Structure formats: structure tokens, C-alpha cells
Amino acid sequence: MPDKIALSTRSLTASFSGKTAVRDISLDFDDHTVTAIIGPSGCGKSTFLRCLNRMHELTPGGTVTGSVMLDGEDIYSASSEPVELRKKVGMVFQKPTPFPTMSIYKNVAAGLLVADKKPDPSRETEIVEKALRGAGLWDEVGDRLKSSAMSLSGGQQQRLCIARAIAPEPKVLLLDEPTSALDPISTQRIEELVHVLKKDFTVIAVTHNMQQASRISDTTAFFYMGDLIEAGPTDLLFTNPSNSRTEDYITGRFG
Amino acid sequence: MTDPTPDAPRTTSRSVGGDLVFRATVTAAAAIVPLLMAALFIQLALGAWPTIKEFGLRFLYTSTWDPVAEIYGAAPMILGTLVSSIVALLIAIPLSLGVAIFLTEFAPQRLRGPIATMVELLAAIPSVVYGLWGIFVLIPVLRTLVVPVLSAVLGWTPFFSGNFQGNSMLAAGIILSIMILPYISSVAREVIRAVPDSQREAALALGATRWEAVWSAVLPYCSGGILGAIVLGLGRALGETMAVTMVIGNRHDIGVSLLEPGYSMAAAIANEFAEAASTLHLSALAEIGLVLFVITVLVNSFARLLVWRVTRKFGAT
Amino acid sequence: MAVNNSRRRLVSNLMTGATLVAALLAVIPLFAILVHLIYKGASSIDLQFFIKNPAAPGALGGGVANAIMGSAIIVGATAGIALPIGVGAGVYLNEYGKGRFGWMVGFVADVMNGTPSIIVGVFVWTLLVRPMGHFSALAGSVALSILVIPMVTRTTEDMLALVPNSLREAALALGYSRARTSLTIVVRTAWPGITTGILVAIARVTGETAPLLFTALGNLNFKTDIMQPMQTLSLQVYVYATGPFPEWHRLAWGAALVLVMLVFVFGLVARFATKTKYHAR
């Protein structure tokens, strides 16, 4: 496993209108690995994720201190632009969010419109196909790229959103509870997909489902009430947690 | 909110620059709305200044309107506006609330859509068409069918004494009532619908009849909003121009009988503004406009606050 | 007790019946007006009616060609002036309008929606007609725009508010700027609803007369110069209806029928736009 660090946070603290949601988090994410962030609801795991592509500051009252290093630069430095950053850090949300006015094709190509170098039409077609294949959706929609994205099932819509997120070839892919709105079969497909995705991306996934975390991730971080309690290799954390609260959580004593 | 600080846009300033232009453009568009409102008030006040200076408050309570002698008192118009609007409300309130209650509480599901659409279509008919219909259909009907009955039954009161002259306060009030009915009923419907179903169910569970549930559980809960709906209708009636101008009779006197012609503020402006020759005459009409404007702004603000409070109250729960 | 109960049930039934009667009474005027419009107006409508201008006072015949053209020009110019401002203000309210200024803009828009249209006519007269020294179709369009802007502002804001925030976030997460997110995702998604609101507003001002009385003024001739006085269907109805000649009264019904049909067509198109929107969802 390559252990080059793709993204790291230092003393990251995030709050809503003065109320701290995430406290002093320093965490490294290795290149081409899947990191799962687990913890009970309200523990700050989604807020933490949203700090990594500067989405948190869009929430009214949301503020961030500390730093997040990507490619040797702090994404919160004054010279960093959130809009540019987000092209490098893709995100998939809890509920599928296809753009309802666009076709399947246009949805996947949506991120390419704002790419630094806009691909020409034939290249764009290639990228869209590659992204749809990457998201495991090509076989199902390859023959109807022009139909509305809303004609897809919930699970297909979520994979379409993954395709849309990976089409611009970001470095990091953030998944915010990507299967919590899906049925078991769709969930399974996305879990399988995550394994494939880490070949090309660094994946950071928030999940409230511990089984899922153990199935998909290489590394797991456990959050509790805004604090990072413990982080480490997934098999180790689940079999031999070093902190008693981690143990309580993964053995189902709370949360 | 911590907006991204555009200190040193390094990689590209395209998006940040675009956002600034976008924000400036839509802010400018939004600023036009209150600016128009302010300009409207200032222009009217400036236009009305000569008569305000000349007649002071007398303008509001004297009733001589003589462009030749340059004496202006707007009492007949102000009173006429109020009377025709009150007549309209007296007719429209029971009807529109009846419609609103019927549509929200009693009507079979299949009928709700079509009836609501038909009532709302009334609001789509242009004022001038109401005026046309008033002149050639409503007034003849009033003359042959309605007024004889009214005179026979209520002729002893001053309000229905004397001869019906066609163009009249009564005709204006009736036309207005039809015109404001869709506004009152649609807002009332919205307000009644905002009452949580638990209110109805609680009353019904206690053994109330369907009407008792409406009367004792639903209506008290939204009475403020219903008042708001009525006041909104009043605001419409006060400023309605064309239909009123065409049937009210345009007479500069204060009469008690609804069967006689009258005048309204809006009608006076519509009739005389284009022909007003002297500065003072124009100014007098501008002052009427100013008075009408201030009244309708107050009435509408009050109504909005009432409706807003009710829909907010239940929107939150 | 039993007597009391049956009385209560009787009252309940009576009041239910009363609301039904109210509903019936409320729709009677609609039918009365429509029936008269068709009965008295349809016979006036022939080809001549659409291609001729008004005849000399007292003479027979004549049409409303000038008025139809005038309505089209004035309402078209109104749309050109008012829609960018109204939609822009609505976008502002949805995008940045959570503060005090936004609240004020929304409230003023509501209050302006209830402002008598005749007052807007007086305002535009002092603003444009007097300084320019003559009446003009442009002044009429400005007056109608002042009525359309607050309507479109509010309806745009309402429609944009229906777009789920998750769509906005999805676009921002792709690296879309705020402007691009707002215009290509949020406004685009709400567009069918906004169009409906626009059509309703346009339909309403197509029938407006009062604000045109001393701005566009009216004109018995066929004019297309926006700097000159111009006729509209609504003004034509007013002139014909209040004139002394039976021939004019006949034409008034014809013009009114055309006007109402026009207004209803806008309304139907608006309804259709709403329908397709909900099918897409």
C-alpha cells in the first residue's frame, strides 16, 4: 500500500455560529486508500468532511480554523480559492442529487464545463463514457445518455452522481453517507464500486454503518462529540480498539 | 456567513470576478424595487405640494371641487371610496368566506379544483371588462329586478331612498364585491389550510359536528389571517379604478343614498387627470393619489402582517 | 339530549349548505360575464374587426387592428423592461436576501403588489410624460413594468425557494461558482415555475387600463412608434364602452372578448407550463 499522504488536516476546528462541531482534528489520509469516518449522529463527522472541500463555510454561521494540506498547500490560506479547490476534491452526498433539467450525459459532463482546460466535444464524450464505466453505470445507461437523469432509479442516480464527481478527475473523493438513502442491492453495488475507485482516487467516506466501514475502508477514524477519538487501520480498530469509547461504540453499547 | 475572501485570487479570478458581477447585478435589480416605491411617494408628494400648501387639511374634509374657481376639497371622493368599498366588503365577506370554507372543508375532492379555478378566473378578468359588463348588463338588471325590491323593502331608510339613477354607489359596490371576492377567498383558503388537521380531528373526536369543528376549532385558530384576507380585499377595493369609474356616476357631491351616483378617489384621477389644465388642479389630483397611496400602503402592510403571522405560526409547527 | 343533537346536526347541515350556496353564487358572475361577452362580442368579430382601425365617431364598422398591435408592442416592451429586473430581484432575494435589506425588498414588493395601478399612471406621468412633453407608448410600458416587477420578484423568489438546497450544494461541490450555480442549476430548475409566474403577471397587465390613461393615452390610428401615443385593447374597450354610439358599444364587446380571450390564453399556457413541470418530477 502506498503511504504517500494525499490530504492532511492540522488542528481543524469547525463551528456553527460559535458552537463548536468539530474540535482540533489532525488526521492524515493516505493516497489511494479508503478512509471511513464513523461515529454516532451529531458527532461532527459530516461537518468534518465538509471542511475538506470548504463546503462547511457555505452553511450560515459556519466557520473553520486550522489547516488542511492538499498538494503541499493549505486550502484555507488566503490565496486558495474554494471554487478551484472543489475541482480537485469531488463530493457525493447522502441523497442522490442529479440535476433534474439535464440528461444523463449532461449530468456527467457538468463538472467538465468548469474545468481549467475544457475538453473538446469528442474528448468530452470519452471522459463521460470513462466516468460512467468507472461508476459502474455504463452498461445500464450507455444506450440512453440523452434521457433525463430523473428517469433513473435511486441507486442509479447515486452512481450517476459518483460518475459526475469523478469525471473531472479530482484527487480526493468525499462520500457523505452515500448509501443511507438506498436499498440493500444498490448499497452493495456502491460498496463494490468504492474498492475500484481507490485505484484512481483517495476516498474519504462518512458512514454511520459500522459494517459498511469495515467492509469498504483501509483506515477508520472514530469521531465522538466533535473529537477524534481514535484512527487507525480498519481491521485493527474493529478488532482491537485502544480507546474504551471506541470499543463501546463498535460493540453497539451506544449510538 | 464567511464568504470566500477574494484577497489574492491566484489560480483564477474568473469565478470570483463573475460572482462579484453576478451579486452586483442582482442586488441592483433588487434595489430597484424599494427605489421605485420611494420615488413614487416622493413624486406624488411633490406633485401634491401646491394644494397641501394652499388648503392644508381642509382638502380632506371640504366638499367643494371647483376647477374654475380653483377650490378643491376631496371629501366626496374619499367618502365615496370608503362607502363603495364597505358595500363591496359587506357583500363579498360572507360569499368569499363561504367559498373558502366550502372548498377547504366540505367540498368533495373532485369539485375543489374546478370551483377554485372558476373563482380565480374572476380575478383574471380585466377591470375595464367588468366596467363594460356593469354598464350594459348589471345596471339594467339592477334597475329592473333588484332595485324595485330594495326600494320596497328598505326604501324607508336613507340608504335606499330616492330614484335609482343607474350609475350609482350600489352598482360600484356590487361590481367591486365581485372583483375582490377571488382575492379574499384565495387568501382565506390558504390561511384555513394552514390550520393543522389535528385541530379538526380533536374537535371531531370530542363529538363535534363538521360545522362545529370548523366554527369552534378551525376558524378561531386562523381568525387573524382571515381578517388579513378581508383587509387585503379592502385594499383592492379602495384602489380599483376602471370598473368603478365606469359605473359610479362621477358626481362631486356627498349623498347618503346608495341608489345615487357618487365618486371615488381613483375615478377622479382617471377622469380628470389627462384634462386638468391648471397646476392646482393637477396638484389636487396628485394629492388624491397621495392620500390613496398612503391609505392602501397602510391597509396592505397591515393585511400582510396579519396573514404572514398566521401562515408562519403553523408553517413552523 | 336527542333533540339537542338533531338540532346540532341540522345546524351543521344548514351551514354546509350555506357555504355551497356561497360557492355557487360566486361562480355565477363568471358565467354571466363570459356568456355576455360571447353573446354580444362574437357577432362583432370578423376579419374586418382584426384588420381595420376604428372608424370615425358615429360611422359604422371599424376594428381594433391598431389596438391589437398597440397591446402587443406595449406589453412586449413591458416584458423587456420588467422581466430582467423582476427575475434578478427574485434571484437576489433567494440568493442573498436573508438579511434586513432582503426582508425589506420582499415586503415592499408585497405592498407594491397592492398599490392601485392608477397611482402608477400618475407617477409615470410626472416622471416621463411631463418632462418629455408628450404621451407615449414607452411611458405606458414603464407604468406596466412597475406593476410587473414586484409580481415577478415575488413569484421568482417563491419558485427558487422550492429548489432543494442539495442541488445547489452538488453544483458548488463540482467547483461551480455561485453565479453559475444560481443561473445554470437553481434558476434553470425553477424555470418552468418562474415562467408560469411571468405569464400570470403578463396576463394581468395585458388587461390593465388605468395606468395607461395618461401614459400611452390611446390613439385611433395604427401606430408602431413607441415614442408616440398608442392604443391598446383595454383602452379601446374603455373608449368604446363609454362613448355615446350603439355601434361603439357593439365594438366594445368585441374588443372585450378579444382581450379576455388573450388574457385567458396566457393563463392556460401558464397552467400548461405548471403541468409539464410536475410531470417532469
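The first chain written gets the first letter, and so on, giving A, B and C; residue counts start at 1 in each chain.
Convention: a residue touches a chain if its C-beta (ideal position, glycine included) is under 8 Å from a C-beta of that chain, and two chains touch if they have at least 3 such contacts.
On a predicted model such as this, the values are computed, not experimentally measured, just so you know.
Enquirer: Report the chain whose mean Cα position is at the greatest distance from that of chain B.
Expert: A
Enquirer: What chain is most central when centres are computed from CA atoms?
Expert: Checking distances from each chain centre to the full centroid gives C.
Enquirer: Could you work out how far the Cα centre of chain B sits from that of chain C, in whole Å?
Expert: 16
Enquirer: At what distance in angstrom does the C-alpha mean of chain B lie from that of chain A?
Expert: 54
Enquirer: Where the centres are mean C-alpha positions, what is the separation of chain A from chain C, in Å?
Expert: So the centroids are 48 Å from each other.
Enquirer: Residues touching two or more other chains, restricted to chain B: which are they?
Expert: 15-16
Enquirer: In chain A, which residues are in touch with two or more of the other chains?
Expert: 58, 60, 83-84, 114
Enquirer: Hey, what residues on chain C touch two or more of the other chains?
Expert: Those would be 177, 180.
Enquirer: Given the complex with chain B, which residues does chain C contribute to the contact?
Expert: 8-9, 11-13, 15-16, 18-23, 25-27, 29-30, 32-33, 36-37, 40, 84-89, 91-93, 95-97, 101-102, 104-105, 107-123, 125-127, 146, 149-150, 153, 177-180, 182-183, 203-204, 206-210, 213-214, 217, 234, 237-238, 241-242, 249, 252-253, 256, 259-260, 263-264, 267
Enquirer: Residues of chain B touching chain C in their complex?
Expert: 15-16, 18-19, 21-23, 25-34, 36-37, 39-40, 43-44, 46-47, 94-99, 101-103, 105-107, 115, 118-119, 121-122, 124-133, 135-137, 178, 181, 185, 209-212, 214-215, 232, 235-236, 238-242, 246, 266, 269-270, 273-274, 285-286, 289, 292-293, 296-297, 299-301, 303-304
Enquirer: Chain C touches which residues of chain A in the complex?
Expert: For this pair, the touching residues of chain A are 53, 55, 58, 60, 83-87, 90-91, 93, 95, 97, 99-101, 110-111, 114, 148, 150, 161, 164-165, 168.
Enquirer: Contact residues on chain C for chain A in the complex?
Expert: 98, 164, 166-167, 169-177, 180, 185, 188-189, 191, 280-281
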